[in-house]
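Accompanying notes for the structure given below.
We just call them A, B, C and D in the order they show up, numbering each chain from 1.
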């Protein structure tokens, strides 16, 4: 399988990890999910992300899930694997394993203890050593990690780590940062890397206008990201916004921290993609009122999409 | 002027604090802004909130602004004043002053150092002493304060402070909390207080369905909150959602932490409400790309509202 | 091997994890270290604690280290194993493994994301399920975990988890908490559990007076904790303070967050206990000035202990 | 009165704010306290520091306290005034007032929201504008502020603000930082500023060896800091350590976050310096066990100092 590089674009769906009702890995649903994401136009998949319940898997389960997906995709799209964790030795071990198995690259978010610019740069130097040349995706997600990357720090890491090929950009707000990063590479001051955006896609059209290459996020309607990206790339900006606006009420609802993943899995189960919406603990449980909200939002979304044609 | 009580509802607009280009208090714009908010249907106003740049004013300026607005509104709507701050003595002093001047109540957010349930309850006991009987609004806004209130803690404070009459609810996510609070008062286990929601209104229709009495937030189109609340209260839920959806893309954009207030003041200046979009430092500065985004969002919003009729 | 229970007392040394110069597990030094700790009077050992560089080991290395120590101690003292981590599945797996191998119990610190009392109690409910009956040590160390346990929360967990047998108490300040916990069990309101104190022992005599049963910490002179505990237990309070005061300047120096572990390993290597002071990354590096400080402090400590006789 | 400059050294005592039993400012005790600090050898005083309960005073009380102390000291020693707070307008106002009244300089700690290097530097740029040329002390106290300054960031601020004349250094650990700052000025790469250390003085002898110019802290035995500094400055390093070690057990006890200030005021009241140990809320309350600890520690300290002669 080809390795991830700076030209990556489109939509890398952050895959959920399907479980059976009793909490075991559900590999049948995993197959269905992979097929679904690809049918909807995913240009890549990301496994073991935060929304993939990565820390809730044992080391062995993580390995099995990755292998299974790699087998199912069979090289059709690149697979990025999240290897973040509290220790570099475990990160090195998992990276080595999944790259051997055929992954296209690995993604690393910073530990929440990092504060100063030097601490962040120093940490990624150590990550660079640990992953030994594997293509790297830097995850910038301060809402969850509490680590704040300035554009300067990101560009410093880009310079120090030649294998850093992609930024998963989900700072909030993040538009000014995106503009600053693109200004630096446009001016030739820095290597241009791929930037895919997260945050459930709720700023996708504006981010594409600022130079994002697509999205890496897991909204239960991946066709939103794909269709918005395609329309935008085709220069049909108004169409991109029309589609985005139709999905925004539900995307906003799914993006709630905490219940968000339960909502996402509920919708994926409702769409027949996964057999069960089960999450491993700790997990939120949806109430009847939550589900009523979701039903209304889906009905309205369907109606609006029909209006748009 | 009547004091704030548990029956408060509708839309209390979080007022910005208008400054001239050189950063002085702009009392002419303040008059215009007050008139604008009332024309759009505000049922109350909140001064010196976080989005009112309260900490950037001197004690004297805070007093002057409140007096000026009280004079302009002349009792037409209740005025709530934010008195949060690092010390109880200053809080007591400001509360005493503004209540004497005719405010309807005061609002207090917790200091970010509070962690345990006991610390939070203990802090509001001290607040209760400091404000000496003034009607109190509890601001629950973890994204900014980093203090997390459980429903149990809020209900404990409701029980201990008879002058706590309103919750400014802006936890995110907050729907389950809202349901829990309303379930407690519906079951007669606790006094029912007014709950107005914040977060720029981006969950307003769902929150109204869960029992919120309205909104206390400052989106630059306060008619959104007013019209959604009116439609919802009239039982026209679909109409409420239609209106909400039309405003959501811009509301989402304005709700970005950091630049959000600059966006809000930019739009208010663009609408002719305030003379200048000036913020006091520290403050975000909008780029040309930000302003282009805003223009597109306003144009699309206007078009969509026209379609809805 | 006997399981850990509520009567545990004395000094459980938090063991370092010895590495060779190249960063491999050093099992020869591990043997020497185990013997050293036991000769100095340790009544138990704790492996894979924060100061045991637990997150820097792979799952396999963790298992090997524990097995090796269990073989060397051969049941002479109980072995507690730290199993904290971001996921419950991995915690369950490691617990199962080390308990099968003969550990006396496991220790769990909370993830730093926990804030409210309910979140903390809920987390330990899940831990209780994950470790399935293994004797549990609760680590209360807010300086590092940022999680604040009130006495009420600890007592709630004591009540809900019958296998919670020990508190590793290292809140700072923690004296009032210790008094509150002991008052509750003295009054018969709660089960009395073992409380061993941490923080490098820098409040040990005062904590013993408040009802601590000993220490669980890793100061490079474990004889300090043993001798202070013995003198105190024998009713010789002044002697306990004299000894404590002699070691305090160095204990204070070693307790510095960050370089503390490098200092500890440096001293253990200097004392001939471990072959190398090597830490795995991320790690602090001692300067010549640091080492000069340590030399002066050891020389002064030696002189003072001689004076005391 | 002369303004503070880079040559400042010795011991600037962080003054407590004396209150009567009912919580009013106690200006008689303030006089006695000022005299006491000067008799013990203070070379300066710092008012309205964190341990001076600054946020608990109204703006008017702050002004009155500063004026009163300035009158009592009558130019005998320089007075530094803490002006930290959430807003720059209030900071400017207080700075202007106290400098007019005769203060030697002002001290500013950063707001806890700052994270990145750029945010910190940007904040102090704004502080520089706000205080308009008044001599500035930068307070680096991450344990409380949660803001982490690297040496590089401090040196950047030194370069940008010519009126920055002193660092109140209380990072923990902070020895390596002190060495780095002194190495930079020794190598002529940066202006040398005064560095006074905090943290209750519990690393004072080591910090003096690294190039600190003295202490700015409020341990209830200021003679400790004065005598250790004098002995150290006279080249009598062992004597400095002997004195330090005698006071360390109590200094460590007083340095507990939370109850620390109650302990300090208790000891100052016990020494007859202030009439009442009263703190304003929020405040810790000492238990009988705490007071017994303090009595034992003072008795042992007195005995040990007698032995030392």
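Please note the rule applied: a residue touches a chain if its C-beta (ideal position, glycine included) is under 8 Å from a C-beta of that chain, and two chains touch if they have at least 3 such contacts.
What you are looking at is a predicted structure, and each value in this text was computed from that prediction instead of being measured.
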| item | value |
| --- | --- |
| Farthest chain (mean CA position) relative to chain D | A |
| Cα-superposition angle relating the copies chain C and chain A, to nearest 5° | 180 |
| Same vs different contact residues, chain B with chain C, by half of numbers used | same |
| Interchain centroid distance [CA atoms averaged], chain A/chain C, Å | 39 |
| Separation of chain A from chain D, taking each centre as the mean of its C-alpha atoms, in whole Å | 48 |
| Chain C-chain D separation of Cα centroids, rounded to whole Å | 33 |
| Sites on chain B at which at least two other chains make contact | none |
| Residues of chain D that touch chain C when the two form their complex | 172-173, 175-176, 179, 202-203, 206, 209-210, 241, 244-245, 248-249, 252-253, 256-260, 287, 289-290, 293, 296, 300, 304 |
| Interface residues, chain D side, partner chain B - complex | 55-59, 61, 85-90, 93, 112, 122-123, 126, 280-282 |
| Interface residues, chain C side, partner chain B - complex | 115-119, 148-150, 152-153 |
